[in-house]
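Okay, so chain A shows up in both of these, paired with chain B first and chain C after.
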Partner chain A sequence: MKLLTVLSAAALALGAVSAQAQSDITLGMVVGTTGAFAGGEAPLVNGVKLAVEDVNAKGGVGGRKLKLVIEDTGSEQTGAVNAYNRILAQKPVAIMDTTVSGFVLSQLGAIEDEGVPTFTGAATAQIALDKKGVANLFRVRTSDSLVPGAATRFAARNLQAKRIGVLRVNNEYGAGWRSAIEGALAEMGMKPAIVESYEGADRDLTPQLLRIKEANVDALIVAGDPPNHVVAVQQIRQLGLNAKVIMSNSGVLPTTLRLYQGGAADGFYGTVDSLPAANPAHKAWADRYKAAFNVDADYSAAEYYDGVMMLADAIAKAGEKPADIVKALRALKDRAGVGNTYTYADKGDGGQTVAIGEIKGGRLELAAQVK
Partner chain B sequence: MRGAGNRYVFWAVALAAALAAPLALTNNYQLGVAHQALIFALLATGYNLLLGFTGLVSFGHIALFAIGAYASAILVVTFGAPFLVGVGAAAIIAGLVGVVIAMPALRIKGHYLTLLTLALGEVIRLLIRSMESLTHGSQGFSGIPRPEIFGMSFRAGVPLYYLLLFALVLGVAFVWRIEATRYGRAFKAVRDSEIGAEVCGVRTDHVKVLAFGVSAVFAGVAGSLYAHTMRFISPEFFSLGLTITLLAMVLIGGRGTVIGPIVGAILLISLPEWLRFVKDYYLILFGLAIWLCAIALPDGLAGAAARLLQARNSVRGRASLRT
Partner chain C sequence: METFLQVLLSGATMGCIYAFVALGFTLTIAAAGVVNFAYSEWVTFGSYFGVTFAVILGWPLWLALGASIAGCIAIGWLFQLFVFTPLEGRHFLTSVSATIGIALAMQALVTLLWGPYPLTLPTFFGSSAVQIGTISVFPHNLLIIALAVLIIGGLQLALTRTSIGLRLQATAQDPMAARLMGIPVRRMRTLAYCLSAGIAGLSGFLVAPLFVVTNTMGFGLMLKGFAATIVGGWGSLKGAVYGGLLVGLIEALGAAYISSEYKELIAFAMIIVVLLVRPRGLFPERIAEKL
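This part shows the complex of A and B:
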């Protein structure tokens, strides 16, 4: 009888250990699934879902499956902080965070305090490690210290623009673009012909666009969020502004391209970190993405996909302790992914590539790879 | 006498519950929501002095909150001042600006005053945005440290909770005390009948300036605490939408009562978290709740509770008369 009891206890203990070994690894995600940023952040969720599927199809990480848990920011700053804290309560191995720079900056204290590896597509230069960034925050994106400069050089060199105007949203993101454009123009001995700003909630840019028209610009760089781009494109056409237009990244996301009225944005350019569908090496991935989500793959989905893949590799190599994962990720150098090439070693700031796409027939085609 | 006794018991129980709350708030998320509720309870308590006690509707109050946040952040981060200097300066600067805003209130009333304060609030927000060298403009102000007082750190969630609770208790005690003084009676006299108050010898212009100034000091302190709690501030946050939320806190909680703004702040900060499952429909439910409160509870939740207590006491009184 005693032997039976001991055996039963041993079996139960083994079962518990086995169940523990088989339990899922929680991967947190903090994005806007409601509110103004929901459309722009939908590709991030798609990219992460596809990556989790791929990791789990190969048997997971160390025999354990990844389980994705998503919390909504509500597209608000306080909501982003609360969502990050809600995810932390679920003990995730890592967090795939929002792309909204202001939200990430407001979470920075919690990110540093908790030490959980966190990936973000926020492009603000402020989160670089030599500025206000922290070691466990990884950018899966090309920094805004590089992208606006690339857009400016494309306007000046490829489009031969002599008078370049700037229309930017009046927030952290737009301010970063303005200063980076001014810096790039100064390097070429130029100055912006005009700089206009607008509030994120503005739905009429007529006064700004009329002043830009009056300034007789050859090229106009527009920095903003998807709803701002939709208004800008429509009113640029209505007001007959004949400048070449280069939009910031969110203006050429597939989800934004769907919102432009037929052909209104054709001939406009936009910055992207990459165009996965245009790269033969990643065409199969892009086709699989389109089949799964019925929308063209874009760089942001690919970059969040890359983030999960880098995380899975880091866990497989170093284990699940946050500090060990951070150390493994901080050793990465020139890691080629679907959406970008990433470096975190030596205070690396994540992605490095920038491309310019041109909208043709409502779709984005590669116009130039800019350095 | 019995009513006053009940009041003391109520506040003692409420304070005991607030002191014990961290035992139930087991993670950073719950503590974070509690931090926000305490800060907004302090802000709403100050706003209630203006709106509830004095009857002056200001739409510029969030700008004073922003001034407090930026004043403290700039002093502590840029100039390396201690937290207590930051919070003190935030109170003084916001208070002075509140007094300046009060000047036009001496000449205009009603909708005109509301529109003027709305405009002044926007001007202050735009000033904060355009003074980039000082406020970092639309890039936002990051890297603000959690409070530290005489070497004692309030970086962790629970100590910070008690610091914020202490600030709220001080604020509530001040309002409770002032309500019973001649200033409190003067505030209410201006609200109920300005002409009547003047006839009774109340210096209504002084009373209005005082109400604006004191409520602005509350806003400044709350702003400082907000900056040092969230550790990042940007002009976008201090929007007109937040002004409406603040107004709703006082109206739904019960204007002109001490407990009302606290109840309203806790409700409006935690409601979005409770209603997360309805996603985008939250705003519809929120709007419905405000509409229902306006129709069914003109005195807010605190007023409704007081009426219920009154009704129960009168029923008991009638019953005891019969026996």
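This part shows the complex of A and C:
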């Protein structure tokens, strides 16, 4: 009799656990938690975790809790495709995808075929709907078709630069920046004074910077990854290059700012989609983020946070069918979030804001909001 | 002239770094015929040890340098115990595969131990540049060049003028004959692994202030070190040093005077030219014949 009671209790408990598991909504995430991009993508995971916590604290979506499942890309292209397929096997309601543009481009076939709503912070212009983008892929970021142009206009108009140079990493990201800068300059009847490139693994930019110095530029736009920016800043100071410097987004991430030694980057500028910590409206969110993860919040964490919040609203409004979620999201226009303002209606390309920050005392302060 | 000297200095600094890496990489090839592709991670661990001791624990830099080298020597000793010795006598591709696998595991371990964010290490002389004539120099770069001359010169003397160095060379050239002559081959190989790991620790610590410390920093360095090993002569310690310097200088001069866009292409095209003229590298060793 006792045995029967124990078995019944166990069966009930199992049933309860199973019912609990069934009641959860799986949210997939595909990012690099190991390899070269692990550092750059860690804020995305933080942002999503905070959003899931917030959604669940308010009772979940339609009474069901969000359950986050993460797959690692290993910071490699094939790894990104495999991770996306592995997460699909877990039947997620949506996927928060990597921010690495090349990886997202290689996943496009699977994203389109499966139709699962997918959010990405990839900035490449190629994933816009009028290019290679697909309806169920949502950019939670400002496109690279806008950011380099904003940096260029800031250099020419705000900094009054007449001779603008470009130092860019030799990959698709750097090539995108180069062509967008050239386009923005052409609109103002200008040309780059000099364009230099480097490999992502290079840790000596002396030859390139000497050529830039000889070209006598007033402003230099640097596009690359955090280690590239740190090396560039150090060597710009060493070689006495007096131009105003504007770095691409990763140069002014909170985790990059602490790598600049001895105030070397003070007075340098950087592009960001937003500065959540500097916005009084989002200060409470930024403080909560810092308390949770022991690092300052950046725009990418805020944008992935926004992605989950937009998804939760879409599910609450339209239900859990992928096509219905996509339809609800595609109706969004000027949706204000913590990290950006998003539009997906009328083939909208996601985020729209670009800000320029200036490094002062090792911290980033808002210098201009650029149209 | 000013540009040329500035580029020459930066090329020499990078060349010395590549030479350090190539030297450590070559030591295990020369002494035991082991191609250690986990060497990149030994260098990476050297940097992370440096950050741990100097930044996290706040130790003085010289002490942190010593501790980082000791930490890497411990890794080298563990490697010989658990990886190289069990694989002795197997086909060299077996040890290559094993070291690649371990390198990937070590890279993931770095993220687990130190987190995903990049880190940095201060230099002995601060972050300001000094002016020497018309060129601007980071004192840390001069330290790298000075240490390269001292250590590489010292190692060359130790290998050719001391009993232990000659025994190490004998082990490298013919282990069987060395064993018959009473040389403790296993102990000599352990010494080579530990020496190689110590150089990795030193390299990692020295490059940390110039390179940002990341879990993948060692890989790019090892690729250049590997190229230097091939161009210098497979298994040749002297070749590793000259190969490293050559790669560093060609890269810098190519980027400055031809094109930064094709910098890598220029460097590797030059290497191909060298190998066409001297297929076994600049300073081929007899040891190369057994591989």
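To be clear about the criterion, the second predicted complex is superposed on the first by the 350 of 371 C-alpha atoms of A that agree within 3 Å, B and C clash if a C-alpha of one lies under 4 Å from a C-alpha of the other, contacts with A are read in each partner's own complex, and residues count from 1 in each chain.
Methods note: a residue touches a chain if its C-beta (ideal position, glycine included) is under 8 Å from a C-beta of that chain, and two chains touch if they have at least 3 such contacts.
If you're wondering where the values come from, they're calculated on a predicted model, not measured in any experiment.
Bringing the complexes onto one copy of chain A puts chain B in a clash with chain C. More residues of chain A lie in touch with C than with the remaining chain of the pair chain B and chain C. In the superposition on chain A, contact of A:L239 is made with chain C only, not with chain B.
Contacts of A:P227 after superposition on the shared chain: chain C is touched, whereas chain B is not. Look at A:R211: by the touch rule set out above, it reaches chain C but stays clear of chain B. After overlaying the two complexes on the shared chain, residue contacts for A:G176 are found with chain B alone; chain C is out of touch.
Once the two complexes are laid over each other on the shared chain, residue contacts for A:T26 go to neither chain B nor chain C. In the superposition on chain A, contact is made by A:T34 with both chain B and chain C.
In the superposed pair of complexes, A:N158 makes contact with neither chain B nor chain C. Contact with chain B, but none with chain C, is seen for A:L108 once the two complexes are overlaid on the shared chain. Within the three-chain overlay, chain C meets chain B in a clash at only one of the listed stretches 91-99, 181-189 or 199-207, and that stretch is 91-99. Taken together, the two structures place residues 33-35, 170 of chain A in contact with chain B in one case and with chain C in the other. Interface of chain A with chain C (complex): residues 33-36, 38-39, 41-42, 75, 170, 196-199, 201-204, 206-208, 210-211, 214, 226-227, 230-231, 234, 237-240, 255-256, 259, 261-262, 264, 295. Residues 33-35, 72, 74, 77-79, 81-82, 85-86, 88-89, 102, 105-106, 108-110, 113-114, 126, 132, 170-172, 174-176, 200 of chain A are the ones touching chain B in the complex. Within the complex formed with chain A, the residues of chain C that make contact are 3, 6-7, 10-11, 13-14, 107-108, 111, 115-120, 122, 126-129, 136-138, 207, 209-212, 214-217, 219-220, 223, 251-253, 255-256, 260-261, 263-264.
On the side of chain B, the complex with chain A involves touching residues 27-30, 32-33, 36, 129, 137-140, 142-143, 146, 155, 230-232, 234, 236-237, 272-273, 276, 279-280.
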